[in-house]
């Protein structure tokens, strides 16, 4: 099994979710995060003094999938999340050794 | 070392934490997340129009433990977090290559 | 590639970020989390009744870096985040199998 | 009396309201006659109305105190309740409550005229008094919502808040303010309660107590070993704003109760109100600091309210130092009350009973101690109210004690009956444990209070 | 008239204001003369000022309702708008608006005196009336901001809010309140609108409609299939506080419109205002419960406002039961209006048109139905206003219908022209899609509303 | 004078208050005599009380502005402070402050009667004036809390806020308002300050400056290179609500300062107050837009307050255009002040000094320029106040300049002494760096402000 972690622009969440559902992903977990990267934060003003926003709001999606689906999932996410502008985000693949569904105790692929 | 990641129902957090402490886990990190899964969101109403809540509030627990403890931890979490109803959540095991305690610079199991 | 995950004290974030940038890290993702550990929570009072705060606010930093940079990154983070007091946090290294930049579709080290 | 007869063809198209073929106004709906008879009326009308508006605004204060002291997952529900009790209260008090309370007295037990503000009641003065009284009636109902917060079914809430404004509050109110039997007790000058420590607050606070007892504590409030595990509110700034609004509104509540600006005593009432609130805040702050070593905002806010509730009955009859003393005691009382309820495992999320119940009763009683004999029954004229410490003997104190006991018993019994009926009617008065854990906002109301903020309840 | 001549050396150092070499006050700037002529003036001044202050406070109410019903990423922007429309409104109404509206009538079309409150207008009475009128003018502008929320460019907002207070509102206002042609229609006693259901609310609500139509819906509000996808506001407690503040402020809006405390009818007005709000909340609550099975806080809050808007025109001319009926209808109307706009894919984030537009018109018309013939044109003296249901025949109803139609057409056309000009001047009236997605707060104002809270918009 | 002698057996059971064996009221505690002598008193009482209530409500406004402009981790602390300074202020002003300020004058330096509102001071009129003055005294103390926010120890805060209400404010207040020496300066008609630009705001703002200087900047406000790194507040909507509440309350502050509704000038005062606030908001908005290209909400809100502060002294003596000019300048001044403090590395989190200090002094001085000679010293009677631009010559301006300098020096020196004493008494006036980083809420008060929301400070 693999965990696909994608950091995307927040407003792309719905599109990515729908794309994932279409290729047969049944579950995912999302987290609100802030990203630092090539997309530089802007200079803003607060009460007359300037400051830089370094960390921009992003959404992290975590999907654990059977090995064979991982490539597909990466492709689907990257397609749905792409705007072509800087800051679109990253996708990482990590190995997962085991999975369990708490409700039933099922493990392995059945747990996903 | 292994990282055990569990996505559970928020109100189960205290029970899970206590169960973990009992089996000798000294540390953990939790994150507020939102989950999409078989537990379907409900249809709700806002100012006269219906909408679907897809993402439900969940809590993610991350515990890094020595290899030998991983099975026990999974068991303990799954027992404490189970309600038997859909949406109880998942547990994943991921490999961890190294750990360090920032305060002392200790590494490996000593760092946990 | 490796993912370095560090859980640190929130007010150390800026220092850690700057230290990372100095050693050539171009991107990172941060999450607000709560930590449970040896640093015990305090006993507080709310409307005349006492309660214990178990979970303390922490910040989690995730940086995916080429294998060869991982050691350096761990060192840099641990130096910048250290106060010497309990609760300084942990650093974990996890394996990453693949990375992709959504904007361009680049993979591997180029994606970072 | 201004009289006017006129044949009206009341068409009431589509509304089914064709009942008024003939109208005679025995009242003075325009106010022309009233003004002619009393050239000083305008300033009294301005005073009473402005004070009524301030008291109305207290609804926002209650909503914010309660909501701030409860969890975000029930914030919509608490807003809804604090809105709807005023809505239901207004309509119920219009239809029935006002007549029962302020209508012509029937054997000292209830009033009998003024239903629907109709007929003779269509009169500027009657409308004026109604406006002032309705905000008081709704306050009594609102107080309850704090004690039953985060677990009562919404329809049950609507049910009892109608009953409070329809019957429970008006009847005790009639006994004290409407010329009923308590006001005619043969002790002192009869039971008195200037602005309603008893009539409004102790009634509301006691029903809140009954509600909290019958509902049982919220899940997780007391652990198996019986320890208190406080459930933190979601916004202390909201709670603080609520208290500021209430303090502000109370300046309408107490001084406005003269119902006349020609009673210059209003300045004394305002000062007493302010000093009692300040003193109670201070004593609560110090009490908690000594007990727990923290400057406890929650209890200091409760202290303010306790002082305000306590001074509500005596505000017109005491001088500044007495207001300070009454307040200092109120601040301690509310802390003891909160601790006591926790000992008894009665879960009153915002302290409705310690604040309004306990201190409402303390306020009623304090009149019998501190009244200084300079002011009468809503008038500068004798007989003046004198308490024990000013040489008035025990008379007034006895009247006040009787009134306090009657108030508590009446509210307790009525509350018990109301919630018991509700239990039958609505198949239990408490939401399911699932709903309680998830929060009632989404399930009953369809909307979380703060959808933009990721928020996990635990 | 108090007259005083004095040579003034107006140095106006550094301010370039050297224009006043000679001053003669034809007005009474100190108030001494006015008091001498009318010993009853103080209570009227107190009444009007206090009511004006309450109406001013409604700005906070609007800011909170709108901001609560919109997303956190635009909360700074909404605060800014609700602040700045009052600021621009005050200055525009000072310079020009007041003179156009309340100055000496010119052919029934507009007023012509009182510019800059200068010269003869430097008079305690003129200043008094200005203070009361300015808060009304700003309300009309503020209403619009809800309908155009979350997507209009800020400079466009400033532009049209100046125009509303400068021209659009004052001119229709003059027609009804300033002695203009609508007030002289040969039906009933001419078109009447006690506190401005039409003058203030329908004007504002209709311009909001135009704005919402011309801007188009927010990204994501309607999906490709045409389904409504509600965009949840970020704080229901803020919205609720806003409504409580508005209800509170409305007690200044309606009763204060007598402009005199000697009209004791103020008590009736206050009661009607309160009952209509309550009734409308109840009917909206029930309507939504029947339709969707939820106790919908958002629409109940809108219900309150709908009731308040509807009763604003008839408040002085009807009795309690009629206020209840008018309110019940208002509560239903606002629900239907919100549903209808969604059907038409007109995205009005806070319901500005259903609340203020629809119910403003309903309020104007309702006078022609329910006026009971007990009260005249801001006076107890005849001629009294009588509607259809009280035997007044169709006269008043016709006047009201004409006024309603004129109101809607005037506001719609003026709104259309205003936004069309703005389109040219500001290179479009809507922010870019990127800005809309990110939220206008950071881009236009430099600050998110809640920097401490991790917050992701989606 | 109403006199009444009576033997009272004051038992004071359990309260240890057995000191009053004999009571004679030289005052008029019921108000009957006062009413007899002045049939117009009721409307004055209503006016003064309602205005005092509005000013009281400003406490909520200050709490919200300050808390909104600071971080969530200190929000409980800021609520507590803004509550407790009013609490301590009420009690201190009751015991001592009022007597020092408004008691019978002793050599132009301080007042000497009215302690504890006891004895002869038990009088409806004295109580009335006390009620109005106490809310002013507390405002002075409250202003300071913004400048010292997020780092001062709580007991130090209690300490100085008592001193402000007990001594610092009352004594300067006596000099200007209590018949003291500044009011008798031989220039113009002596130093004047209608509603307290100097007495209340410049005093508070200057002490805030001293506090900010002595505490040093918050950790992280200025980096090693001396750059400003703004620390964003946690809720711009709270700050905006605070400003709306303050603006609302200011309508009590300024017009209420006539202490009489028979001064019809109140309408002019209200209009001036409104226009100055609007003008200052506009100039601050434009100034920041030109400087940084953003529509800066924070500074626009500060602009509103700056305008209100500046018009507070001259409000009764100028006409509308002058109010606008005074406001426009105030809006610029506050922006310059904020920038200047940052240059000097004085960290004033909410701009207490630029708003209240700088503009308080500007307000005092502006009287000497713009006073138009139509109004006297709280009366329509002569001598009227005339400034430079209206041909009054330099006299009044000199009086105002002296008063401004005295005000600043007095507040600065008293502030310095107060905080120096506090340093010794409380072992330093600043919390530890750990506490500052974690936030004072949890450590001092035991509760975070928003426990339901995951929230990380950095």
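All chains are identified by letter, namely A, B, C, D, E and F, in their written order; residue positions are counted from 1 within each chain.
Just so it is clear, contacts are C-beta pairs under 8 Å (C-beta built on N, C-alpha and C of every residue); 3 or more make two chains touch, one makes a residue touch a chain.
Predicted, not measured: the structure shown is a model, and the values here were computed from it.
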Those chains which touch chain F and also touch chain E: A, D
Joint neighbours of chain E and chain A, given as chain labels: B, F
B-E compared against B-D, more contacting pairs: B-E
Centroid distance [mean C-alpha coordinates] between chain F and chain C, Å: 46
Mean-CA-position distance for chain D and chain A (Å): 52
Intercentroid distance (Cα basis), chain C paired with chain B, Å: 18
Centre-of-Cα separation between chain E and chain D, whole angstrom: 32
Residues within chain E bordering two or more other chains: 43, 46, 50, 232, 235, 292, 294, 296, 298, 446-447, 450, 453-457
Where chain C touches two or more other chains at once, by residue number: 31-32, 34, 44-46, 58, 94-95
Chain-level touch network, classified as line, ring, star, complete or other: other
Chains touching one another, given as label pairs in label order: A-B, A-C, A-E, A-F, B-C, B-D, B-E, C-D, C-F, D-E, D-F, E-F
Interfacial residue positions of chain F with respect to chain D in the complex: 4, 6-13, 15, 17, 25, 29-32, 34-35, 41-43, 45-46, 48-50, 52-53, 56-57, 59-60, 63-64, 67, 75-76, 79-80, 83-84, 86-88, 90-91, 94, 116-118, 122, 124-125, 127-128, 130-131, 134, 154, 235, 238, 444-454
Complex contacts: residues of chain D adjacent to chain B: 437, 442, 446-447, 454-458
Parts of chain E lying in touch with chain B, wherever the complex brings them together: 69, 228-230, 232, 288, 291-294, 296, 298-299, 302, 335, 338-339, 342, 351
Chain F-facing residues of chain C, complex: 10-11, 13-14, 32, 34, 42, 44-46, 53, 57-59
Touching residues (chain side chain A, partner chain C) in the complex: 2, 6-8, 31-38, 54-55, 58, 60, 74, 77-78, 81-95
